[in-house]
């Protein structure tokens, strides 16, 4: 599994929404890895939040792509160091306009036991939100916009 | 969403392995629910464990089906009481012979924010393993078998 | 009354149900431990009407009774 | 040196990069706060060679410098 190697350079970004069928295909690729006992998956979906009485219709994502991928490599190495049992860790984030109801983010970890997979997904999800330079412009119903900021 | 109603009687069991494409289809069904911000999914995969030098090739699952579904209804009600923000909670478990590398268990929760979805999936996964009368006969390579028991 | 058997216990009894007469859950267990070889040495639970019962409880014969070996779901 | 701008800051500057001369990160910030209206009031971070820098640090002009508004990934 190439994805078990934390040092390979990779790009987490995909143009547009993540199709639900892509998740199914990602899961299917693990059937030959019979040391895996559990997969944990987090999916971020664009939420039609209300902002000052207006509804978020989409988020337009941009990123400082090189820095984000470098930060992701560091987070990945931290995750493999803390949970060495993890066999796979897949992260994808959308760029471009993602409409409410569409998927923009996937964190997917597999391990022999569920605890490691779950803890790794929680850690990676939280750290991506904190450390990756990704920017989100919320497009509101009235044509206005609002810049999203993670807490 | 019928699945947000904790009181409807339902059957969590499916014959045979859970196909990865089924997970993709389940995810796709949530695109119209624009209050959802995160999905958390746990998938159990049959692991080719070694037992006394022999390899687990498959698990043959049976269940006390009525009791398991009643216990699941109780666990579901507990989850909705503890995490009232959850919009969906889907649980499926396989019956019959599931080969190593195939999926036998799915817990899938959706919520406006990731924490509720994650905590609900953790709780439901743990409680299903503890409280549902499901039995697993591990089929070993030499034709022998071993009865699985959760810790 | 009819007693449902599952998994390892069904295998040991070579049956998925047994007919047993017993006035209480403890009496039922004693009777089953005589009829099913090795049951006494097993970790198992008794469910009455699909709820696990630990204490001794009278049985009318109309209950749904089941013997449950260790759970292995997930 | 070339300074990369993102998100809200690129919008305020109406540009995705600016050419700036500065001998240190703090001098760079002061210069950018003059050129980009409202930057001073914003919460933002400065990255040098793709790592966030808080302290004052000399710049040779060969670094990759970027101004980063609050992150919103996930």
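For reference, chains read A, B, C and D in written order, and residue numbers begin at 1 within each chain.
What we mean here is this: a contact is a pair of C-beta atoms (placed from the backbone, for glycine too) under 8 Å apart; a residue touches a chain by one contact, two chains touch by 3 or more.
Just so we're clear, the structure is a prediction, and the values are computed from it rather than from any experiment.
The chains in contact with chain B as well as with chain D are A. Centre-to-centre, using mean CA coordinates, chain C is 72 Å away from chain D. For the pair chain A and chain B, the distance between C-alpha centroids works out to 23 Å. We define each chain's centre as the mean of its Cα atoms; on that basis chain A and chain C are separated by 48 Å.
Mean C-alpha positions place chain A and chain D at a centre distance of 26 Å.
Among all residues of chain A, those that touch two or more other chains are 44, 125.
Across the whole structure, chains are in contact as follows: A-B, A-D, B-C. The touching residues of chain C, counted against chain B in their complex, run 4, 6-8, 11, 43, 47, 50-51, 66, 68-74.
Taken together, the chain A residues at the contact with chain B in this complex read 20-25, 27-28, 30-48, 100-103, 110, 112, 114, 118, 122, 125. Looking at the complex, you find that chain B touches chain C at residues 44, 59, 61-64, 66-68, 70-71, 93, 104-105, 125, 128-137, 147-150.
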